[in-house]
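Input: structures, listed below.
Each of the next two complexes has chain A plus one other chain: chain B in the first, chain C in the second.
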Partner chain A sequence: MLLKSVEYVRPDSVAQAIEILNSNEGAALLAGGQSLVNILKHRVASVDVLVDIATLEELRFVESRPDGSIEIGACITYDELDHSELIHSSHEMIAWVASHIEDQQIRNRGTIGGNCCLSDPTNNFPPLLVAMDATMNIQSSSGMRQVRAEEFFKGYLMTAIQPGEILKSITVPPVPADVGIGYVSLSVGEDSKAIVRSSAWVKLNGVVQEARVVLARVSPIPVRYQPMEEALRGSSATPEDIARAASVIGSDFEPVADSHGSSEYRREMARVVAKRAVLEAVEKVRGEGGSK
Partner chain B sequence: MITQSATQAIEVTINGKTYRRVVESRQLLVHFIRDTLGLTGTHIGCDTGSCGACSIIMNGKLVKSCMLLAPQADGAVIETVEGLAHDGELSALQESFRDHHGLQCGYCTPGMLMAATYLLRNNPSPSEEEIRRGIKGNICRCTGYVNIVRSIKAVADGAQLDMGDGVAKEV
Partner chain C sequence: MSAASNGRTATRERVTTWTGQGIPRKEDDRLVQGEGSFIDDMGMQGQGYAWFVRSPHAHARIVSIDVSPALALDGVYAVLTGEEAKSMCQEPFFRIAPGAASHIEEWPLAVGKVRYQGDAVAVVLADTRENARDAAELIEIEYDPLPAVVDGVEAAESSAPILHEEAGTNVAWNGVFNYGDIDWALENADHVVKIDRLHFHRFSSTPIEAAGAVVDWDVGSGVVTIHTNHQMPMFAAMFMGPTLGVPINKFSFSSRDIGGAFGTKIGFYPQLAALALLSKKAGRPVKWTEYRTENLLSSTHGNERTFLDIEVPVMADGTILGFKTRAYDDVGAYLHYEPLGGVIWSQVLPGCYKLKHIKVDYSATLTNKCPVSPNRGYSRMQHLWLIERIVDTVARELGFDPIELRKLNFVQPEDYPYETPNGCVYDSGDLPRSLDMALELVEADYWRARQKELGKGKGKRIGIGVGSTLDSGTNNFGQARIINPELPFSGNGEAAIAKLDLYGEVNVNLGTSPQGQGHETTAAQVAADILNVSPDKVTVSIGFEQANNSYIGFSGTYASQFAVTGLGAVMGAAQKLRDEILEVGAYALGLSKDEVELSDGVCVSKNDPSKSIPFIGIANLVYTNNAVLTPELREKVSLTCRYVYTPPFQVPDTDRKWGNLTLTYASQIHACVVEVDEETGEVKILAYAAVDDCGRRINPAIVEGQVHGAAGLGIAAALYESFDYDEDGQLMQPSFYEYHVGTALDIPHIRTSYIESPSPFTPNGAKGMGEGGGGALHAVCNAIQDTLDKDDAIVYDSHNSWERVYDLLKSGERQAPRGVSVLSRVSGS
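On to the complex of A and B.
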């Protein structure tokens, strides 16, 4: 057996799952399992009870709200996001990102909630959700609380989720016609783990009204690079303007170094992917009928 | 609710046959299929979810069976490579793999066949790019992708299979 002995339980509701978490200190939530099962095989995490929430209907929905925002249940899989007409019609980039995660088998099991709650710096959704200013809806025995995506990711494998809490859903604000979203990764192979990644959200009305530029895989959690956002604001967003804005990613910015890239290499590449992500966002607004 | 325990009584239907067994909660689904049930057509290549040799279709979805625990499959309907042939007749994909030399050592073949079966069910006429994306989760270390892609494309196109000299032709 690869795994150490572990208890398995499949609750009937989120409330029941929370009860189990509260009465078992060594309990962990099991959703798609596409990372956790490997972690358990390597015996690097000590889990006594696996609480399987993958099939809970309460966590498996995609709904649009009257204001144009969309709420996605935590246990919706990448493949389901990619095949949701609702997502395609209002938040296309979420479907695009979902459809470019690893391979079909992983997309059939992996969930958006698991992708966020693991808080692995290579995961695809955290930078996008920070750029889109999503809200994480967290349930516990004392009710619901909301945390902005920007505040949700705390560190390597760490999030704002506290013991006894479950990420129930993610609410993503509407994407009006004057907003474009870009998402660019530098990776070794197509759809594989990124070395550097950037997601950009740009509100454009002749000139840039507002921009959010998120860099990922440069630190344990996705970070907004505010000097670049400021450099973009008020500019006409020509390719030259965007390149100039990306060049403010300066020598004071020190990305993590590892076997995939030195800090210097990641800084250089951060400029490239951030520039391309903003270009993509801008082109979407200026292209036919805006973007999602 | 499935009660909290280190062992679970599970019921799984594989290729039309229902199996009831008591398993350790920590047992991987691929080990349940191979070791407990003796269905060794499903292979283990890496047991880290990288190679796809253990791919099966569970409740209509292609998954890697080394990335699931056996209790997660309780109540599931599963198809493995053993279920592709009927009454001794190979499926069109299996025939095509044979005719186009879509394998060398054959180790990845069960996973490739399940991935290709899933792909064609959801997209009966895929482009070459779609085929390559469809088998991205399956690694062949004989570098045999060209003939694997040809095998799948031939079925997708409904092309006449080359039954003659055994040499794959362009499709």
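On to the complex of A and C.
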């Protein structure tokens, strides 16, 4: 077959999905299928049971919390994020990133939970969620647990999700007026995978109060680059300050080399995209109305 | 003709001529509504599905193949291996090359050795496509890997691993093209510009529809039926017939709509032959639909060419005397159309310029990579890119304005017909005016000012580049004799049939297999003018059917020639039909032939419009009422008129490599403004224009579409698309994840304009066009060059990824070799 023969189940609840996962080691969760089905098609992974959670209502919501944070169900699609007034009004960057993933057909199917749980280094949401300090809400038969996004991504195609667990939702903290978020990718062509990418979260009050700078595609998982964050803290965030801070990004990475860029090029570009992401974040705070 | 007629607004009201109108395409109703009929829409009763087993190695000996696990799977009908396929064949495929390479044996599947990653080793037939694929995975093949050679220059060295032992060399063909006196020119020029190396990269067109076929070898009748999207089916038949032992008239080729080909659907006759044998073995029809990765890995790549030791003599006033170089064409693992590329570039030997002294030592070399065969701009694009790089580099190194230098060296409007040093005749054109138009369209003056304002070091730089190019069309196949004097080929041509059907319907069919070029529309336009009916009343048969359509050995859709050969044939056939209709009509009306004319489907008296007979009446007389005709008329008239158009060619002089190799020379001037990001090397196109001169345009909207397509292909190749192999011969871009195809999101708005310099050599003043001569590659590379500093290296590759541009931007400060030097004999250059 195009896909090797697999069993397919569509549980009625998250609890039931967890039961199936617990009773079958070869079970895998299927949400939008935009990555998993390709992996199966290329026969690089084999799965016995596909557990389709794409339509579970428990995983399909976007809600704001009294503190201004939002909680996004894992099976909300990119297109739904892009068309959510709530997201646009409180967390614009999430909608923007969603709207720039591949093409419309993929955005109709792909989900934010799937984007994170695959932990492919080229995926769009992991660096943003680390920069925004999101919390991943994970459900298992023994209840819920929370993991910070920064701790969630463990390696290439590996996350903190343990056997029998499901990512239920993602909580993203509020974005107050003194915070800006930047997200910059270098890619070949308009809709291709990023060569290197950075997302920055900057809290600015005349000077930088706090900054999170995340680099993606220089290592298997998105990483915060603390020396640059420290170099930014307390600075006036002029373009020169930011460039100086970015210059501390050193050669402590061994990025992948592929047809779109050598390891060395990616390392140099990490500096450029990190600088630009911070610049974008700062401009958002200093520009009209600040960022969401 | 005014530019206003370029629009698609023309209605089907009465006009002077249909030729020249941008009428909507006849094909589009079905295509835009999803009602086209493509290869995967075809099928036959009882068919199985084929899946090729392809080599994971670039070069290896096949030690053993065990197909039994595959055969044990339910639903598997048959497996065919290379050895078995060979045993079913009469002889290897026809060989074009002379000398050592004439000993190369290619069979439908690999025998004994695999020579590139993707080489087909076996083919499986099963009840479903998926099952065939599953079975293919079960076949156990033991390989003994061999060292691979992946560089076209290294392949020619004696130390390189040999792909085909029977040839004893990887050099498939070598020829020295030497015209004028380049040694004299280099000794006497005021300056000699030397460029160490230029590299034209490997890429391909990526048709939306990959290759495919439904093949049935009917043992009872001996007929091999092949529905396929091959773009030159009778060429495939000529290659396959002797190998399979099938006479041409026992093939039954057909095609319907084809989802793009661009030349890349000429080279897959080995696959078709393997499928035919598989059908014969299994005793049932075989359906094969090529997968995308299979297409990228093993269908067809474009020619990759390396130019070494380029020397260019230039006079103090900027006159470029010529150039010399050694060229290595990396043609991949097998010779599917090659080494014809070894002469085809010489159709445009001096490019757009009056270069007199040219010497090219050309070699085609075999490497452990996907075989090449024609790809839009085939072989000329590579050479024209070289010349455009030479002209821009000369301008840069010697301080000339690249625009003025071009104008100085261009073939001038008064020079036509212009004979090139190798005897080709450029038919017509106005290159300086085309260039001015392109610069104006792209607003070059504005961007030049912006460029100065912006300067360098501020993050973004602006560059302006032009590409002057030729689209030579209607090959003289006699040029194949320059490759191999024994080849019995010369001339060119195409066939068409115009017919009045039983109830007076006008029908035209073609020898061509169009893939989006709008042949149904343009054929209807020219036939409509001759028969004096609306194009709506002319049905042009869709696609190609060997049994019904007329053809000659050159038939097909390739090499920018339909407007000349295809429409030449349609015009000839329509004129014959017109004559017959007039003859029958005159007889029916009791008038002489010169007293009647055709008007809107009626044959009518010129003097008395009340006397007329409609086409249905004419058809009635000939087909179902012929006792009323005279015996002479019955003998003379069939209302089914075949015509073969042949261009006026002669056999070239193979010793001197001299002769007229193509009938027409359309020109295109591209102008491009880029913005380069100094920090990343990213290139963004800010403005783009192309001016086309393809003589008389039959349908301006179709011409414009072709200009857009060719520009898009070149832009994407220059910036996004490249096939690279690692040192083990593994393709690094086997899917669209890695091979980023330029899409509508990437290709900028393209401003177009045109000149019409009618060809004096063609029946309708038109010139073939559509391939575009790689104009965009030249323009984009030259624009990138324009962003670089004097100390930086030159743009040395036709593909410029962000990293490569970044490295060029840094090359000056890194003191990297510039790749160019100048020897001057005059002071004050």
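In this text, the second predicted complex is superposed on the first by the 284 of 292 C-alpha atoms of A that agree within 3 Å, B and C clash if a C-alpha of one lies under 4 Å from a C-alpha of the other, contacts with A are read in each partner's own complex, and residues count from 1 in each chain.
Here, a contact is a pair of C-beta atoms (placed from the backbone, for glycine too) under 8 Å apart; a residue touches a chain by one contact, two chains touch by 3 or more.
It should be emphasised that the depicted structure is a prediction, and the values quoted were computed from it without experimental measurement.
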item	value
Broader residue contact with chain A after superposition on the shared chain, chain B or chain C	B
Which of chain B and chain C A:Arg65 touches, first, second, both or neither	neither
Partner chain in contact with A:Met269 - chain B first, chain C second, else both or neither	second
First (chain B), second (chain C), both or neither touched by A:Gln16	first
Touching partner for A:Asn108 - first (chain B), second (chain C), both, neither	first
Partner chain in contact with A:Asp258 - chain B first, chain C second, else both or neither	second
First (chain B), second (chain C), both or neither touched by A:Val49	first
Which superposed partner A:Asp191 touches (first chain B, second chain C, both, neither)	both
Partner chain in contact with A:Arg148 - chain B first, chain C second, else both or neither	neither
Those residues of chain A which chain B touches in one complex and chain C touches in the other	1-2, 4, 190-191
Chain C to chain A touching residues, read off their complex	128-131, 133-134, 137, 679-680, 682, 719-720, 722, 724, 732-733, 737-738, 740, 742-743, 745-746, 801-803, 806
For the chain B and chain A complex, residues of the former touching the latter	1-6, 8, 24-28, 31, 47-49, 52, 55, 61-64, 66-69, 71-72, 74, 115, 118-119, 133-134, 136-138
Chain A to chain C touching residues, read off their complex	1-2, 4, 43, 186, 188-193, 195, 258-262, 265, 268-269, 272
Chain B-touching residues of chain A, taken from the complex the two chains share	1-12, 16, 20, 24, 30, 33-34, 37-38, 40-41, 49-50, 52, 54, 79, 102-106, 108-109, 190-191
